[in-house]
Amino acid sequence: MPEITINLAVGRTDEQKTAVMRDISDAMVKHLGVKAEDVVIQINEAPLANKMKGGKTFVERKAEQAK
Amino acid sequence: MPEITINLAVGRTDEQKTAVMRDISDAMVKHLGVKAEDVVIQINEAPLANKMKGGKTFVERKAEQAK
Amino acid sequence: MPEITINLAVGRTDEQKTAVMRDISDAMVKHLGVKAEDVVIQINEAPLANKMKGGKTFVERKAEQAK
Amino acid sequence: MPEITINLAVGRTDEQKTAVMRDISDAMVKHLGVKAEDVVIQINEAPLANKMKGGKTFVERKAEQAK
Amino acid sequence: MPEITINLAVGRTDEQKTAVMRDISDAMVKHLGVKAEDVVIQINEAPLANKMKGGKTFVERKAEQAK
Amino acid sequence: MPEITINLAVGRTDEQKTAVMRDISDAMVKHLGVKAEDVVIQINEAPLANKMKGGKTFVERKAEQAK
């Protein structure tokens, strides 16, 4: 406790994911007074076709950004 | 905001998933008065062996339906 | 199956929430070929102090909008 | 690890919720070889108006069962 | 209803996952008075690089245990 | 995107929750290259009776710590 679940589109490196999870863990320890060992974080990565924002899938959004 | 997470067994096409997410996005905009850009949807797909209903995995359920 | 979880800030009426859940249920039946009885939706509502976007809690965002 | 989240309509007693969480914890220890201390379970309870199955909110479903 | 989501690092066999889901399903039926058919369970498995506990990814934790 | 959901037992102040969410938001911006406005965080707080760790509810754990 606490348990953190992150919904994320695929595409980040392991280094990026490790860094963000480490900062989240540190924030929990610093502000909530829990032990690091009690903080559990999981990133649930979705393929671009399984995620939508603004009415467009991330496949569509990526294609638009590439234009 | 709002954020929608969908737990789904694998097996749908990208077209099916896009269509269902688009309708969900539209429903949020229509009924909750939010902007489309604020609606985020993610489908977390599980292999058939990672999902159970009625005390049977979806591997077992699919095998029964095929009989 | 499928199971839908919606993260939402408090403040919507029951009528709004029912309408959006009904449209989501319909979209699942229409596009994924599942029975309505198999579609389960839950809205997890958070107090404004328990939600953040753009680095500001929804308490702060609401206060800014009221200006 | 593992972390279990349960989506549930309100209405169960603390005794019922404790019993079901204890059995889940035991199952994790028994079958996955983890320590009990590593199993974390949270029940996210929703008011009946925040949950839908079969195209009907649990307010509607309860009213029908009462007939 | 109820819907159970399990966050788990990869590495368990299908037999282990089936056994733990079956026990969870049984516990729901026994203690909450629901029908087995109404209990839905999904395991969201994360690669070891997508999960952290105690400030270390499960890649790091596994490497330490192997020493 | 990304969307972060935090499962937490009740008992923290709004100040604590704001501080931890702000650090998480900052970490996402810093390490993943997203805009702050795209980071959404929700804390789902559970009553102590709705949460278990180590085979004991947080009601039981709190009672033990008070001894």
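The letters A, B, C, D, E and F name the chains in turn, as written, and every chain counts its residues from 1.
As a working rule, a residue touches a chain if its C-beta (ideal position, glycine included) is under 8 Å from a C-beta of that chain, and two chains touch if they have at least 3 such contacts.
Being a predicted model, the structure only gives us computed values, none of them experimental.
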item	value
Shortest path length from chain B to chain D (each step joins two touching chains)	2
Chain F and chain B - chains in contact with each	A, C
Of all other chains, the one whose Cα centre sits farthest from chain C	E
Remotest chain, chain A as reference, centres from CA atoms	D
Type of chain A:chain B copy interface by residue overlap (half), same or different	different
Rounded Å distance between chain A and chain D, as computed from the means of their C-alpha atoms	25
Interchain centroid distance [CA atoms averaged], chain A/chain F, Å	15
Chain B and chain E, separation of their C-alpha mean positions in angstrom	19
Multi-partner residues of chain A (at least 2 other chains)	1, 3, 5, 7, 26, 40, 42, 44, 51, 53
Pairs of chains in contact (touch as defined earlier), listed by label	A-B, A-D, A-E, A-F, B-C, B-E, B-F, C-D, C-E, C-F, D-E, D-F
Interface residues, chain F side, partner chain C - complex	3, 5, 14, 17-18, 21-22, 25-26, 36-37, 39-45
Contact set on chain E toward chain A in their complex	7, 44, 46, 49-55, 57, 59
Contact set on chain E toward chain D in their complex	1-9, 12, 16, 19-20, 23-24, 26-28, 30-32, 51, 53, 58
Chain B - residues contacting chain F, complex	1, 3, 5, 40, 42
